[in-house]
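Presented below are the structures under discussion, each in the form of structure tokens.
First chain A sits with chain B, and in the next complex the same chain sits with chain C.
And now, the complex of A and B:
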């Protein structure tokens, strides 16, 4: 039997004093928190026996004493300035807290509202049905941890039929060692509206921390979201993030997650295609070096007929890095004419790296086209040889081929603003 | 599609074949339940040497501390292990029906459709075959020829007595009794099964089959098969048959172990068509089997081919441990489920040696209200330089109340590995059926043609006569299931 979460240093440092958790939080959220705290107090630690955590050992996390950051302190180091994008709405989440006021620069953001503080809590209350949901395929532990510990929500919404051509750039930065941060973001795109959002997760090198964000995305009928995430974590950091998406009729999601891994890196993407004709494209690209680790879990649930999902996850591994891909597609009986494609490709560049991949299909409807594939391989010697015969040095040839391997994912980011933000530098 | 029609047709196969004709007259039957005494009784009845009893008891004690696993993608009712009779003396001849006329006509029709010869029909349906016919059976003829070559092929209980050194060396070497709940249970109480040893450099001249083995009228409930191919040997082994098999035991927990030494090759083919219960899922066999082969030597090869078309629940993963350098593992499977059947099947390929290769081709077809899952693992250990795997898992759904699932697990610990996995799920395309119909085929024929094409890669690895029967078997099972 696994030990209790409540017996760990992790628990006592974060949840030991529950008065602190309740200050400034509306009553209706406190009601959820009471249940969550009861759950956490008796929860067992997930281990390799737990299918969801089979390949990602969490034991270092539980030993780690962490601290909640109460106040914003210090000035933002210069090195992060370059992640702010001109002409975009830049929102800084600094050590888990939203810093400064948010200004919407020009008319390209009319109809867009971005709220924090009390206004954001009110918005969350209006979308309680989503807020109250716990991620279905994840170990419920982390969803509840975020719900108990978040304090500074951010809600972005776009009015009906508003096409916002600009970019919303959310920059999460952690500079405080041993910080535990719990960003909570909700993006609501109303009927027929469209929006572009990019999130960057950054930290100063080599510090340990826990980054546990939850991003909820609701796409109403005919809505479209172009979404990107870029992760440049510290090698000692832990990121366990969830992106949860609910898609109504004919809505479109285009998403791409890039990372260089972390000490423990876990990205959960859950998409529920609950309206007819909804389509989701979920792509990911990890480039891992040293002892970096990256674990991508995707869960695509086709509830309504005529829904489409497309997934391409690629990973380049060097050093002693470790990549995990666990992709699950679930097609309900009613979801006829579903098309679902999933592909996971891994390129191994060193001897010591390790890949675990688990693509899964669970299908209850008969009129569907679903495929998944996974490949693991090395650099093609023939291709390297060919390039060398053209007077390209071996190192350069390797770089070119790796670039080609990765470009496959990047070229799928259709929105130029999102692509530029993700690939900058 | 018309589901009702399908169910009607299905009952031709899975329907009511009668079990009533075995009278319980044996005086030599152990009481129900399992205890150390029962294990000792089985061992003494079988006249086993001490090491075997020791091993059985160790397995039994280990089993007592284990919990029944429930992780598979299905639920089944509780099994009462104290309500099973673990030993009964071999059935007397003459208890069965006296002629084919007494056998359920539906079963006879099925035999005819499959094109099974009359003599075999009798054997399969338990009709007492007259002694004259039996004595000239193919079985005896083969037996003589095998002995000449030094091949040992006999019931495992006989092997324990006659070749204890071989049995002691290899039993449990691939599936140790600690392996899993059902393997432990099997190790403690197995009473039947085959033992096969091919001496170095011998290529077994015939396809060995439980058919040919005299004294093996029935497969036991806890069957144990051990096949050893010594250096440079080759054997092709067939298990089961396409005809629906009669059996009164609900739980089948068999263990099959294969060992291939240097340059040896074992080809193991199974066609399984146990009673699958009625259309509402009542009754039927629980087929919980542990099958594993070890490519222990260099350049060895183990190839599994299975056609799973029966049993209420099938839960098995024929696997290969690729330990020797350059060894090869193959898995070809067609799993068909209809009515309320559940199948959770697949394979594990564990690459340990250098330059090891494995191929997985799995085809799942589900219809009616059945559930079909592929579950597999490809594990490439850090020691397995240049390992290569190719996996393909295709599923076909017929009807809207069934499900098809794919759960592959891939663990790669060596960068020189190359592996590819792909899976598809779809239904029979209406375009293809329309095209074939426009060429004058009726709908049933068209579907059968498409299904055959879907399964071709697997069928072509089966021995010829098996392959023909397997095709017919699928056609018959899917009669009336218009996609």
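And now, the complex of A and C:
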């Protein structure tokens, strides 16, 4: 038997003094928390037999004493200013807390509301059906940890049929060593509306922390969201993030997650295509060096007929880095005429790096088109030689080919604002 | 310009070239013909520096203009910077690398090597379009990734476009006619002929004589079992065309 979570330094540093967690939190959330705390008090650590965590050892995390940051302090270091984008709505989440007031600059955000504090809690209550759900692929542990420990929710909603052409840019920054932060974000795009959102996750170098965000996305009938995440974490940081999406009829999600990994990096993307004609494009690109680690788990659930999902996850590995991909597509019996494509490609640039990949399809319907696959390869010597015969040095040829490998993912980011925000140096 | 002296070379432990010698002067076009497996492509790969091929003995002296270089000691990209060009028999597809960007990097790498100012993107675009006209290529070629989704003919034209951009001193054309219909071959050959000057030289490797109707060689060599067994003028190619290789390989006649 694995040890109890409650016996760890992790647990006692975060949950040892639990009454503190309840101040300013509405009663209905406290009701959930009671159950969550009971669960966590008796939970055992995920073992190596737990497939969800098979390739991502969490043991360093449990040994780590962490602290909750309950107030904002210090001035934002200059190096982060460049991540704020002109003409976008910039929201700073600083060491887990939403900093400052949020202002919507101009009419390109008419019909968009962005709320924090009590207003945000009220919005969450109105969407309890989503809030109360624990998704399967992050294991109940982390979903509950966020629900018990988040304190500063952010809710973005767009009114019916509002097409917002601008960009909402959420910048998560961690500067406090050993901080444990629990951002909780909900994005609700109402019927026929559309929105563009990018989240950057940044930190100062080399500090240890736990970043455990949950981002819930609800796309009503005919809604569209262009969504991006960019992760530039500390090499000693831990990021365990969940993006959970519910899609109604004819809604569209286009998502791209970029990272350079972290000490422990786990990205869970969970999409439920519950309305006919809904489509989701879920892409990812990781570029790992040194001892960086990046684990992407995706779960695409086709519930309704005529739904589409498309996934391309790529990873470039150098040094002793390690990438994990576990992509699961589940097609329900009712979800006829489903189209689902999933591909994971890995490019190994060193002998010491490691890839674990597991594409997985479970199909209960009989009239579907589904493909999946994974490749792990090295630099193609024929391509390198060809470029060299055209006067390109070997180093430059390697750079060109790596860039070509990665551009395949970036070129799929259709929205120019999202692409620019993700790729800006 | 190029002096190959008693060259022995192997691939994967099998010796393919067995004492090949050849001399090419500036302004000359040499053709190498030979049956399958005679070592024609191996020669082109050795000259370009393919790391999968090993030189066992012999030397290759290369003179791009006023100085002699030991060609075999150079990395492939340095050979290219020194004016050697290989048109591949099977051009390699390079997904994700746009043709126009690739051509400009290639051109500017040569500029940097020679201490000449690089060309900026706009000027290069004008320059590239001039070269594309030579080969009747339209814009869609250069917007796509290098050789990806190109037809056989398009790939070969792309090789000659690269040759036009790099303007080599010595061009080695490896079976540039293979897989081409007559119209494409005529187009490719006319592109090559426009690049022919008194200062540069070409080595045309081909299985069939037909390409030599369009690219007229000064000298023809027959390669067999890794050595040149006969050299002559353009008439040798015609003779091979009508009589095959057998009379050269087994000069005694049909007796075994």
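The rule is short, and it goes like this: the second predicted complex is superposed on the first by the 425 of 425 C-alpha atoms of A that agree within 3 Å, B and C clash if a C-alpha of one lies under 4 Å from a C-alpha of the other, contacts with A are read in each partner's own complex, and residues count from 1 in each chain.
The criterion applied here is as follows: contacts are C-beta pairs under 8 Å (C-beta built on N, C-alpha and C of every residue); 3 or more make two chains touch, one makes a residue touch a chain.
Note that the coordinates shown come from a computational prediction; the quantities given were computed from them, not determined experimentally.
Enquirer: Is A:367 touching anything from chain B or chain C once the two structures are fitted on A? First, second, both or neither.
Expert: The first partner, chain B, only.
Enquirer: Regarding the shared-chain residue A:77, is it in contact with chain B (first), chain C (second), both, or neither?
Expert: A:77 contacts neither chain B nor chain C.
Enquirer: Is A:407 touching the first partner chain B, the second partner chain C, both, or neither of them?
Expert: second
Enquirer: Counting touched residues of chain A, say whether chain B or chain C comes out ahead.
Expert: Looking at chain B versus chain C, the one contacting more residues of chain A is B.
Enquirer: Output check: A:386 vs chain B and chain C. Expected answer is one of first, second, both, neither. What do you get?
Expert: second
Enquirer: Now for A:333: first (chain B), second (chain C), both, or neither, which partner does it touch?
Expert: first
Enquirer: With both complexes overlaid on chain A, does A:100 touch chain B (first), chain C (second), both or neither?
Expert: neither
Enquirer: So chain A touches chain B in one structure and chain C in the other; where do those two contact lists coincide?
Expert: On chain A, no residue contacts both chain B in one structure and chain C in the other.
Enquirer: Which positions of chain C touch chain A when the two form their complex?
Expert: My answer: residues 48-52, 75-77, 79-81, 85-86, 88, 91-97, 102, 105-106, 109-110, 113, 145, 162, 166.
Enquirer: Could you pull out which chain B residues touch chain A in their complex?
Expert: On the chain B side, the touching residues are 395, 397-427, 483.
Enquirer: Tell me, which parts of chain A touch chain B in their complex?
Expert: My answer: residues 55, 317, 333, 336, 346, 348-378.
Enquirer: Help me check something: in the complex, which residues belonging to chain A touch chain C?
Expert: Spelled out, the residues of chain A in touch with chain C are 381-383, 385-394, 396-397, 400-401, 403-408.
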